[in-house]
Structures are given as C-alpha cells and as structure tokens.
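Next come two complexes, and both contain subunit A; in the first it sits with subunit B, in the second with subunit C.
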Partner chain A sequence: MCTPMNVPTVAFACLLSIGLSGGSAWSQTLRIALSAEPTAVDPHYHNVTPNNALATHLFSSLVEQDEKQRLQPALAKTWENDGRNRWTFKLRQGVSFSNGAPFTADDVIFTFCRLQRNETKVTASFGRVTANFASVTAVDDHTLAIETLQPEPLLPNYLSDIAILSASIVPHGKITYDLGRECGVTGPWPVVGNFNDGTAAVGTGPYKLKSYVHGSAIDLERNPTYWGEAEPWAAVQLLPVTSTGPRFAGLLAGDYDVIENPAARDLGRIRNDKRFSYIVTPSARAIILQLDVGREKSPAVKAADGRNPLQDVRVRKALSLAIDRDTIIKRLMDGSAEAAYQFMPVGMFGTLPNPAKLTYDPAASRKLLAEAGYPNGFQITVATTNNRYVNDSQIVQAVAQYWAQIGVKTEVDAMPSTIYFPRRAKREFSVALAGFGSTSGETSQFLRVWAATPDEALAIGSANYGGYSSEVFDRLIREAIVTFDDDKRSQLLQKATVTLLDDMAFVPLHFESSIWAFKADLAVTGRTDQFTQAMSVKPKK
Partner chain B sequence: MATYILQRLLQSAGVMLAVSVAVFFSVYGIGDPIELLVPPQAGAAERLELIQRLGLDQPAWQQYLTFMGNALHGDLGRSFAHGVPAVGLILSRLPATMELVLLALSLAVLVGVPLGLFAGLDPHGKPARLILACTVVGYSLPNFWKGMMLILLFSVLLGWLPTAERGETVTVLGIRTSLFTADGLRHLVLPALNLAIPNVALVIRLVATGTTDLMTQEFVKYARAKGVRPRRIVGRHVLRNILIPVVTVVGIEFGSLVAFSTVTETVFAWPGMGKLLIQSIYQLDRPVVVAYVMLATFLFISVNLLVDILYAALDPRVKLTGGAA
Partner chain C sequence: MTADIETFAKTAEANTPLRMQVLRNIRNRPTASGAAIAIAILVLLALLAPVITPQNPYDLASLSVMDNRLAPGETGMTGITYWLGTDAQGRDMLSAILYGLRTSLLVGLTATAGALAIGSVAGLLAAHFGGAVDALLMRIVDFMLGFPSILVALILLSSIGRGVDKVVVAIMLVQWAQYARLMRAAALVERRKEYIEAALNFGLPTRHILLFHLLPNSIGSVLVVASISVASAITLEATLSFLGVGVPVTQPSLGLLIANGFEFLLSGQYWIAVFPGIALVLLVMSLNLLGDRLRRSFNVRGP
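What follows is the complex of A and B.
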C-alpha cells in the first residue's frame, strides 16, 4: 500500500494514514482478550460465566446485577410481591429490540416459554426458574403478573440471569404462557445455531452481534437503539486467547486494550509501566475444602482406630486452625485473594458483617487433635483439580504441609478437572477442594446447594458430596429460602452460616480475586461475578 | 495401478475402524463429561435429562454401535459443548490451519532445499557447518518456547508483528482465508515461522546428507568424468534423487501439521483445528475428539497414498502394483 514511489509525499501520507487509522481505531474499537471462550451466543444454552458475560452485551434481563451483584432495575422498572406467590413487574416503556420490534410483556412470556422449549441446551439451569411458574399473564403491554407454585423470595435475583429474547424471531399468533398450545408460537423454536449465525440474536442490550465464529473473534457493534446510556465504543472485539503468556504479551505489544485473568506473578512487569494499568477485584468465588463427614469409613483416610476422624468436630477445627491463610494468599496468590472466614464475602446478602477470623494456631490445633484421640495424627489424601482454580494444586500442597506440621500425614492427589469432577460426584474423596461462585448474589445459594441435606423436590443439597447433615442447619436454610422478609431472611442465613462454621465440615480458605489488565488511558470497573464486559470499560476522563 | 489403489482403500477402511474403536473407548475411559457440563447446583432430574439426551445412559458398546451406525450415514455426532455437528465444527476450522501449514511447508521446502544442497556439496566448509549447527538448534528447541520467544522479540520488543489471532479474512471460492489481505498475512508470519523452523531444519539435514551421499555415487562420478557440467549434475541428477525422501517427509509432516499443530495454535491463539482438539479434550467433548481423530486418520491415509503415487512419478523404478503393497 505504501510503496515509495514519490518518497517524501508518500511517506508523509503513510505516516498520516497510520496515525489517523491508529487514532480512530483506538477510540472506536475496543479489543478484549478473554481467557475462556463462550461456547454459544444463545443466552439460554449453557449457564457458565463466559457465555453469561457475552449475553449481557447483547441482551437485557428484567432485573440486572451491578458490579457488586446488587439488583438494579433493567427491562422491569419496578417489581412487587404480595407476600406470597404473586409478583407484579412493571416493564420499561419505549424500549425496542435491535431489529426495531418494540419490547412488550409478550417478549417476556415468549422468553419464559422458550426456556421450557429449549432443545439444544446443555443444562436446564435457566429453565429451573420458570419450572416454578403457575401462571404468567400480561396485564397490559407493560405489566406482567407471575404466580409461582412454591414461594420464591429470590425470584428477582434468578430473573437477573434470564436474557429476554424478542418474540419477533419466530412466527407466532397471540402469545400466552400456555405450553400446551406452544404459547402461540407457530414455527419451530429457535435453536443454538440460530443465535450463533445472528438471525435469532436479537436483544435489547448495549451491543448487537456483528459476527460470531467458533474459536475466533466475536465482533460486536454499538446498538443505537439501546435503552440505557450509549456505550463509548462503536465496535467491540472479544478474542479468545486461552494461554496466559500470549494474552499478556498481546497486551504489552498493544494488540489488546483489555485482558482478563493475567497471572498475578506477571503484574510486576506492568506495575511501574505508565502505559498499563490493572485492577484486582475480590470475587464471590470461594475456595473451600469439603470434608467427608457423612461416612464412618472414608476412602482416603487412614487412622489407627480404623474410624473416620473427620466425623469428629474437634479434628475438623484442628485442621482449620493448622492452615495459615494469610501466608498462602501472600506467597502463593501474590496477594490477589482475600482470606475467607465465611462462605461468601462480607457485604453479600445474608453474610456475617464481622466474621471471627479463622486464625493460624498450630499449638491449639495439636491440642484439639490430642483431645479427639489422635495425638499422633492420621493419614489423609486431599484431592484437587490442577487446572480449574487459580493455583489450585499449589494451594493444596501448602495445606498438606501445614497439616503435616500438626502430625497429620497428608498426601496430595492432583488431577485435571475432567477426571476430578466425575470422581468427586462418585464421592471417591475424603477431602476435596471446591470452588463456588454465587450467581444469584446471595449467600443462600452456597448454603442450600453445598451444605443442606439433599432433597430433590426442594432442589437443595445437590453438591453435598461430603454428606454433611445437621438438623439445626437444615431447619434454618429451609426456612430462609421461603422467607420474603429481607431482614428476617438475612438473620436466618447468618445463623445458618454460624452453624456451618461451628461444625467446620467446610473449611473456607479464600475468595479468588479477578484481575483485569488494560491500557492506561482506560478505566475499568471490576465485577464480583467475574464477568468481563465491554460495558465495564470506559475511556479515562 | 487401479487394483493397487483399491487395495489401499480397503486397508484404509480397516485402519479407520480400528482407530474409531481405540479413540472412542479411550475418551470414554477418561471420564464422564456430565460432571463438567452440569453445574453443582443442578438437581438429579436435570442431570438425568442431559444424560439421556446425550445417550450416556447406554452401555459403552451400545453407544459405540449407535455412533458407528450414524457415522456410516455420514453423521459423526454433535459436539457436547457447542451443540452443533462435530464435523462441521472441525471443517470450519480447517481453512485457518491449512493456510498456516501450506505457508510453513512452502517455507520449509523453499529455504530447506537450497540450503541443504549448499551444505551437502561442501559438507566440511565453514558455512555448511554453521548451517548444520543451526538446524540442530532449530529442530530441538521446544515449540511453545520458540513461539513465546518469537512473540517476545517481534511483537513485544520490536512491535513489528501482532502477537496472536487470525487477521482480516476475505472469502475466496467460498473459503474464508487470510492469505490475501495485508493484515491477514501479518498475522500469519509468526505462527507459520514457528511451524516452519523445525521443518526447515529437517529438510536441510535431509537434503544435505542425501547430497553428500549422492555426490560419491558411481553415476555422479561417471557423469563428472564424462565432463557434464557441475550445475547439470546437481540440477538434473542429484536433486531429482534427493526429492524422494523430501516428498515422503513433507507428506508425513503435512498430515501431522494439519492434524496436530496444537501447540503453535494454542500459543498464537490461532483459530485452527489443533486448538479445537485441545479444548475438546479438556471438555471431554467425545464426539469432536472422535470425529477429529477419524478425519485426521483419513487425511494421513490419503496423503500417504498421494505420496506413493508421487514416488512413481519421480522414480521410474517404483511400480505401483497390487502385490507389492
């Protein structure tokens, strides 16, 4: 293009064009390198962080979670509940989809129907909310009434995960929430491919889809009809660069404006570099040791008396006391984590405002072990993934060394998550490293899924691989999940948290922090749900 | 010749069958993809629904028979992770890998053959020893390290070339390629170089040893004694004889680069087939892994057949007959 025919003028023109294109590209297109690739554009396909984060660019939900996972009005301006099962949502007026169709209550009803008629989905997790609906009616174009089967105080939280589609993507008659007559839809229900090729990717989000290619860039452009404040970027490219080193090198070379999840050890390289900046945000992902307390014999424990020492609460407390959380965070995590003294970070709904510090006290730990009848310790194996959480296997190695210091001979069994998760589900471990990030923005999600005694009808206890079962705890959590009064629910959840900490069947270690590194002329807001969003990136004023 | 090709094709079908069994059951043996797909908060009913929809509730042999039945109808299954047909997913990645490999192998031949000839004609000279020393380094450095060094040097320190990703693409004959845009070529340089370096080294060594060896052969001595010009001896007699091992090696390398450029594609975030394979293995996405290996096997078989046919064209002594296979 810039061949030197008339050297001075062409050279000048070239310089100018490079300067201009460079400058305008910078202020127009935002390039973000992702550490994990979204598997589909369909927002109801698979409930995982990369997919959900992509969906927030293209679609809005009735209620949104802000960067601290607090609920904010979005397509619904207000909502109220009659103290039992009836909810009324007042919808925002004057909103239109990226194809020009106006947004009404019909679109919401269509979306709820599609969640039940979603043939290509990986998991039904999005449909779980609507499975609890007795009826959904459009009182008028912008008022929606929902009647649930079971009381669900967290309905607005759960609806914040549901991206609202446009009914205009399918041929339909009058839309009603009646699955018997296919809700009034006359054509085939949209499948994942319709979203990936863009035909069904019609939303009310701040961006619209330009192109999506598996394994390659996802191109977005600003949605001029977005109902909220217009975004500063005319176009956004989301690029999957799954290896940490190349992703960081791309930032240094100026190829990317923002990268997610740089390695904490690499941050030293840009700490004193004026061209770059980074942000470390504590996330709601807790790293926890789950102890096998439910069985008399546990597969990976060997004690002199032949019993399972983990069933003794003194042993469990001793194991927690033996771990120096601060040192693990400082040395292993390079400071990019926060010590966990409960199961969700302070500030999240239902957490303790001032949890007691889980101190490091090997002397007290040894004393407790001796009291429990194990002055000489026992043998145990801790299982961990080695590719799922930040430094997962190193964390467990550190724990093993701490436990060895109190006389518990600890071995580490580290494996890739492909092998780990199926084995954990079969309860082959005695101590398992677990990571859990709350998507609802409430501590109840962790408590009910991991610690409650399993009950399929109530959808609780599905991840209780350690077999923990406490009557006191179960009573509290079962009451909490159907209590509408916020103060009362919060108190119940706090009591449940205290009970769980007293029993120490789950040993909280820390909350992972999410890191974003970016060019210095940008301002980035970190999110506790670990979503990487173009909407969190603004030019620095 | 026709019977020979037919016989080879029959053998190939057997190989494909064996490969399908081996891969299917080894991926089956690694673990259960359900736990990777279903979040911990999912209930048992939800889990069961997915297990049934993916057919994972059947015994392994039955799953295999279903798979083979569908495969005979040209359907190698749907990706567990992406929900789209596995073959389509793999083939959509093929152009990106293909352009990378073609560029890398062209480099290998265009640089490797002349340098190898040069080194082989005067194996004890200083330049030859330097070239051969470089090939040892080029061949033995690990691929990922070399990739990172290329990025560090050309992208981070010098800022000449982009670090990763495919550049701008245009559609030529229905295929999206980056070979015809300036931006696309800029993005191609580093990953292609990274793939090319060990192959350049390989070709140089191959050609150099071959040349040295041939130069002492009777027919070369005879030609020289007859007064044939050195240029003609090299061009007409030596080069032609050397091309046979080069074609073999380049053929094999072509197959393995197309199928398994996983390291380079991962380091350079190149949206090719190798990166897809690695991701699919991590996710236990069995339909993609099995379809991938089947396609790769098919590719190897075809390339080998092509190489054999090329032999016959290059060396009149080679005859493609049924019995000799």
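What follows is the complex of A and C.
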C-alpha cells in the first residue's frame, strides 16, 4: 500500500496505518533507501562509496575494515610480513561460496588476475594494488604468499578494498599468478554484465544477490553459507531514492526502514517522534582550507606591501584564530559535523589522541596580523565548490564573515565542482576549500598526497596545490610511508601532523558527519567510511 | 447613425498624437496602469535601497552567522528586527531583496540596452547593404538563435567567470540576435520607401542615411520588443544565478536568494526563498504586462 509511488498522496494514511498496527512483529525484509545508487554489482567496476558498500554485502575481502575503519581479519585469519617485501596470509578454512564452491588460495589469485583482466571497469584504481606485486603464490590451499616490488606497510589496508571472487565462475585449469598464460583461465574473463545478471555474483558475503534492476531496486537474500554470524534479515531491499525530500517523506510514511543522508535540518521533524530515531556519525571526510604558501605572488591576494601575506606563518595562524568553528557547526551544519583540530578524526591510525583545540580568538588574531605587518588587513578571495561538500559555499561565506571582522577584506568565489577542480589543479586560487576522505583509514594518505613536496616517483604531493614545502615534514612522511613497525609509523605520522599544524598551511575546519534515520525499533551502527550496510542494522533488543 | 459615430471615433483616434494614444491605452487598462505603478515603486525602492535598508547585505562584516535563519519579525543579536527573516548567512532578507532588485534592474536594463545597440547596428547594416553582408550577418543570427539562450549563457559564464559585469555581457551576447533580425525586417520595409530613394539619389553619405533616415524610422518596433525583453533579461539573470554561475555569492541577486532558500523549503524556513520569489514575480510580471500593452498599442509583432 505504501509504495514510493504514492508517497505524497497517501503519506498521511500510511502514517495512520502504522500508528494503528504499531507493535506488530518485524517483517523479515529490511528496506533501505539510498541517496546514491550503486552503478553495478561488479565489485571491481567503479571505485565509489555506493558500489563499495554494496560489494560488502555480497563479497568478503581478505581483510575488512570495521565501522571505525580498523582492520579486522576476514577471509584471511592472520597475516605477517618479514620486515621487507614478503607477506604471508593464512586463509580461513571451511569457508564456501554462495554456489557451494570451497574457498581456497586459488580464488584470491584468480581475483588478483581479474583486477588486471577487467575490460569493463570504469576506474583503474582497484588494479593499483597489484601493480606493486612481484609474485603471488599459493603455499598450500590456505596459505598465500605475496612478494611486493616496493615495501608497502599498508598492503592489508589496500587489500581491504578488494572483494574476493570465486574462480568457479569461469572455466579454468590450474590457477597460478601468471598473466602471460591468463592465470590458467580457459574461458572469457567475466565482465560487468555477468555480475549484474547474477551469474558471476558469487561471493562469501553475508547476503547473496536475488535481483538487480538498475534504477529500481537491488534485492538481496541471506546467505546461509556465510562464514560469520548469520544476519537477522531474511531479505534486504536497497532502493535508490536520490532526492532528499522524497527519501525523508518515505521514511515518515513507513515505506523505508532506514534512509541514508537525510538533511540535518530536517531532523527536527523526527527528534520528538517516538516512532523514529537517527544516528549522526563523524566521517573521515575533513573539510580544510588550503592556503597558497608557495608563491611570492598569489593570484587572489592583494596586500599593501605587494607581498603574499600567506607566506607569513603569523598571518596563517591569525586566519585560523579568526574562525569560530563551533558556531559554523551549530548554525550552518545543524550540529552534524565535528570541529577539526587535525586532519583525520581522533582514533584513526596516526592521528593525535589529544590535539590542541583551535580556538576562536579575534583579539589574538588581530594582534598577530599587526605583528606580521598587516594591522589594516589585506584583500583575499577564497575559492570554493558549491555542490560538492555539505554546505560548502555557505561555510566559506561564514569564514569570509569572520575574516572580514579582523579586517581582512574577503571575497568568495563559489563555482560548480566541474569548473573548480581543473582551476585548482592549475593553481589559480590563493585559498581553496578542500574535502578529503580517507579510504585506507590512515592519516598518512592525506599527509603524503596533500602536504608532501611533490615527487612523482614516490606518488606523493600530487594534491599539494598550495606549494607547501617543509624539510622537517618531508623527512617524517617519507620515512613513515615505508615504515612497517606500527608504533613507529604512528609516531612519525603524529610528528608530521604536529609539524603541519604548527605551519598552518592547511586550516582544518571540521569533519563532515554522516546521518542515518530509521524506525525506532532498529539499532543502527554508523560507519566512518560512510558505507550504508544492512549488516549495520539490527533489531533493537 | 451608429456607423457615423464609429467613423467619427476612428477619425478622432487617428488624429490624436501617438504618444497620447499609448498613454491613454495604458491608463484605461487597470492591469497595465497597475503594472506601471508597481514598476515605479520597485524602481524607487531599488534606487533608495542603500538609504532605507537596515543592513548592507553585501558587507560581510555587518552580517553575523549567529543571526542566521531567523523567522520574519524576530530581532537578532545585532539589534535589527528582521521583518522578512534572515537567510543562512544571517542576511536581512528585506535588505537583501532590495539590493537584489537593484542588481536585477541594473542587469536587465544595461544588458537590454547593449543588446539593442549591437542588434540594431547589425540589422541596419544587413538591410542596407544586402548581399554578402546580409547573408553573413543573418547566418550568424540564425546560429545564435539556434541555441537555447540559457545554454549559451551557461557556457559563456563558465569560461569567463562570474560577476555582474560578466552576466551583462553574457545576456547581451545571447539577446542581440533577435534585435538584429527585427531591425533588418523593419529597415527593409523602410528602405523601399520613396524618401530613402530620394536621399540616395541626392547622394547623401551612407552614414547619414543610416543614422538619420533609416534608424529613426525603423527603431519603433524594436524598442517595443526591447521593453518586453527587459523582463526576459532579468529572468535569465535570475536563472543563471539560481544555477550558481551568475553573480558572486556574497552579493546575491533575487535568483541567487531563491536558490539559497530553495533547500530550506522542506525544513519549514519558507521565507528565504518565498519573499525574493514574490519580488521577482512582481517585477517580471509588471514589466511583461506593461510591455505587452505597449506592443499592442504599436501593433508590433514579437520576434
């Protein structure tokens, strides 16, 4: 009765009927409304959050990330490294795929081969991990050895993105990691269509695919052979509802049990409603201002002395002190963000456990500006997207207000992300808004890509548009990315973070939060990687 | 008898000067006269905006994000009573709407004047010289009219950046073609008349004929169409700003104010989008009603 089609007209009737039938037992089908639709069932097709989230229902990886993106054993029970380039993974025994085939090391090797024999893929980034592989060998059915070309301490993190396929979906002889002889596969390699129609969608995940209809619904059913704890839902329906309004109205009408990404300002409507509940989870997406510190002349700064004031660390600290992060979060983000005092949220690997609060102190800010030789401020333009991050252009306008109050004449240049990203890459901005979300669950990802002095051979510094370059920082990060010892690496990353905060070439503002709203008799665990999973939803005890 | 009276009335009308006829035509129509009064009030408000508004919405230092999204009639920390509420940045909506009206009128009038100038010159040249000049200019016009104006303006603004001046340029480039087409048609009719023949035979310089004979006698219909086009220029500016490529976000026009408020409609904060929306509808509708009446009075068909 309460289908999505008739939401506007019978929403009220639906509400009534739910009110009347309240207390009835949970239907065994869980219905989740998604804000963005997965573009395919193929887990190696397109490296975007909705696809990766769907893949975790159907497939397992060797290593999994929990809700805080900490690594957990999955198809690999243990792994170890010899301190150099050789990794050994002990695989879980007694696991079978949803078609009954047993899981062995051959399936992992087949998966690594398929990453490189993947003609229909949209993004190449899944194949990047195997580019560093010198060899992969099955020591026995449940032991896998990987030899890398360069030391890679984060190999388990990168493998947590790789969904393991079953070699039984293709005709094959003996599987070996030898692309020259097609790894032993004798038939055609599976393409995206084989996954979408279900024939190749064979995994070891908690659910299996019942049907995938693009634009309409993805139907899943419980996988009885799953190696982990059985899920409480016999069936799950994932429904793409991309407009915020209808998605929220659908929850109110009872059409959906869980919705992802409701607008924070709409939450007031369910705050005092006993039938609904919601959860706000800080994500690993940091919103940061990137300052142009590398150039004597910066395109969007005008100071009386003709210099680039952003090159003076006192000016950069003054700009940070002038921003009231708490007010921005309270008034603009409706509370669904967390003030950022470093570049990844506390708790993620390599972050500071107790970063110093970046306080709001306009008096101290004016004093620093005067000390730096700009008592009357200067002119500056802040560039921002207006459609990429939550309230992006509103946040920058508020920052402009705060800077105007310390005498820095600030203008805002807001544009759609398709125009913004190419212009930022050409370094046309002096202050640019950046949003960075970590997929590896480590702070090193931000530090090496955004703040390190660019070096293509090491794949570092590719997003350092502000031209930040610090010898101390570079030494720390270059050492950290090849350090295997976790404690030592964590310390190096923390030191690098402190150095970067001292230099304030990046002004952290806040971490975006993800929101899920759901029926009150459910318990939902929010994830920092912003994945929406049926596995995070349990009936309330 | 009645036939006589009708003839008499027609003769009387024919004898009254055109200007008086038009004025009477407007005054006798309640919609048209209402529109004229509305435009007068809106223009006056826009002109006086810096004097009568409680806040300068374009001065970031005078805004406070602490006062954001207040309902109409609430008083904020700055001590101002916001009669139409505030937007997400703490901007007084009343002040923002009046300043937005200034931007809209400024953009509408200057863009139309510019387009009119370019279009008239192109149309006159095409009509007078004919042949290759005519063919070339009219193919350019065909090309311009072939594209949806919003698409052309979007592409232009994406490449030249944003700002009031750039929006004016974009709208001018989008709209000049229709004036060129209209001007050419009017001038072609005039050019066949005897007085032009005479002037040509006298050997008057081409510039003189174009400026003092052809232009004044052909421009009437173009001017009437321009009066309606002011409204479409304003709408185009509002649309571009709504799409996020128009005026800067710190200097919102009516279109940008509506875009900003649009996302708060479901949350119940209607005033951020609705009040600027009403102002825009009032302005555009009045201009259209008045322009339409003018057009009928002069019996001109649109492009």
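Note that the second predicted complex is superposed on the first by the 515 of 541 C-alpha atoms of A that agree within 3 Å, B and C clash if a C-alpha of one lies under 4 Å from a C-alpha of the other, contacts with A are read in each partner's own complex, and residues count from 1 in each chain.
Here, a residue touches a chain if its C-beta (ideal position, glycine included) is under 8 Å from a C-beta of that chain, and two chains touch if they have at least 3 such contacts.
Here the structure is a predicted model, which is why all the values come from computation and not from measurement.
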Superposed on subunit A, are subunit B and subunit C clashing or fitting side by side? fit
Note, angle between subunit B and subunit C viewed from the Cα centre of subunit A, nearest 10 degrees, works out at 40
With both complexes superposed on chain A, which partner does A:R331 reach: first (subunit B), second (subunit C), both or neither? second
For A:A363, using the defined touch cut-off, is the partner it touches subunit B, subunit C, both, or neither? Pick first, second, both or neither. neither
Spot which of subunit B and subunit C makes contact with more residues of subunit A, would you? B
Of the two partner chains, subunit B (first) and subunit C (second), which one does A:R265 touch, if any: first, second, both, or neither? second
Is A:G245 contacted by the first partner subunit B, the second partner subunit C, both or neither? both
Could you tell me if A:P416 is touching subunit B, subunit C, both of them or neither one (first, second, both, neither)? both
I want to verify one number: the closest Cα approach of subunit B to subunit C after the superposition, in Å. 6
Contacts of subunit A common to subunit B and subunit C in the A-superposed view 245, 387, 416, 419
Subunit B-touching residues of subunit A, taken from the complex the two chains share: 1, 37, 39-40, 45-48, 120-125, 128, 191-193, 196, 213-217, 239-243, 245-247, 249-250, 252-255, 387, 416-419, 421-425, 436, 445, 449-450, 456, 459, 462-463
Which positions of subunit A touch subunit C when the two form their complex? 244-245, 248, 263, 265-266, 268, 327-328, 331-332, 386-387, 391, 393-394, 397-398, 400-401, 404-405, 410-416, 419
Per the touch rule, the subunit B residues reaching subunit A in their complex are 30-46, 49-50, 80-84, 89, 92-93, 96, 147-148, 151-152, 155-156, 159, 162-166, 182, 266-269, 271-272, 275-276, 279, 281-284
Could you list, by residue number, the parts of subunit C that touch subunit A in their complex? 59-61, 63-66, 68-69, 88-90, 158, 162, 244-245, 248-250, 263-264, 266-267, 269
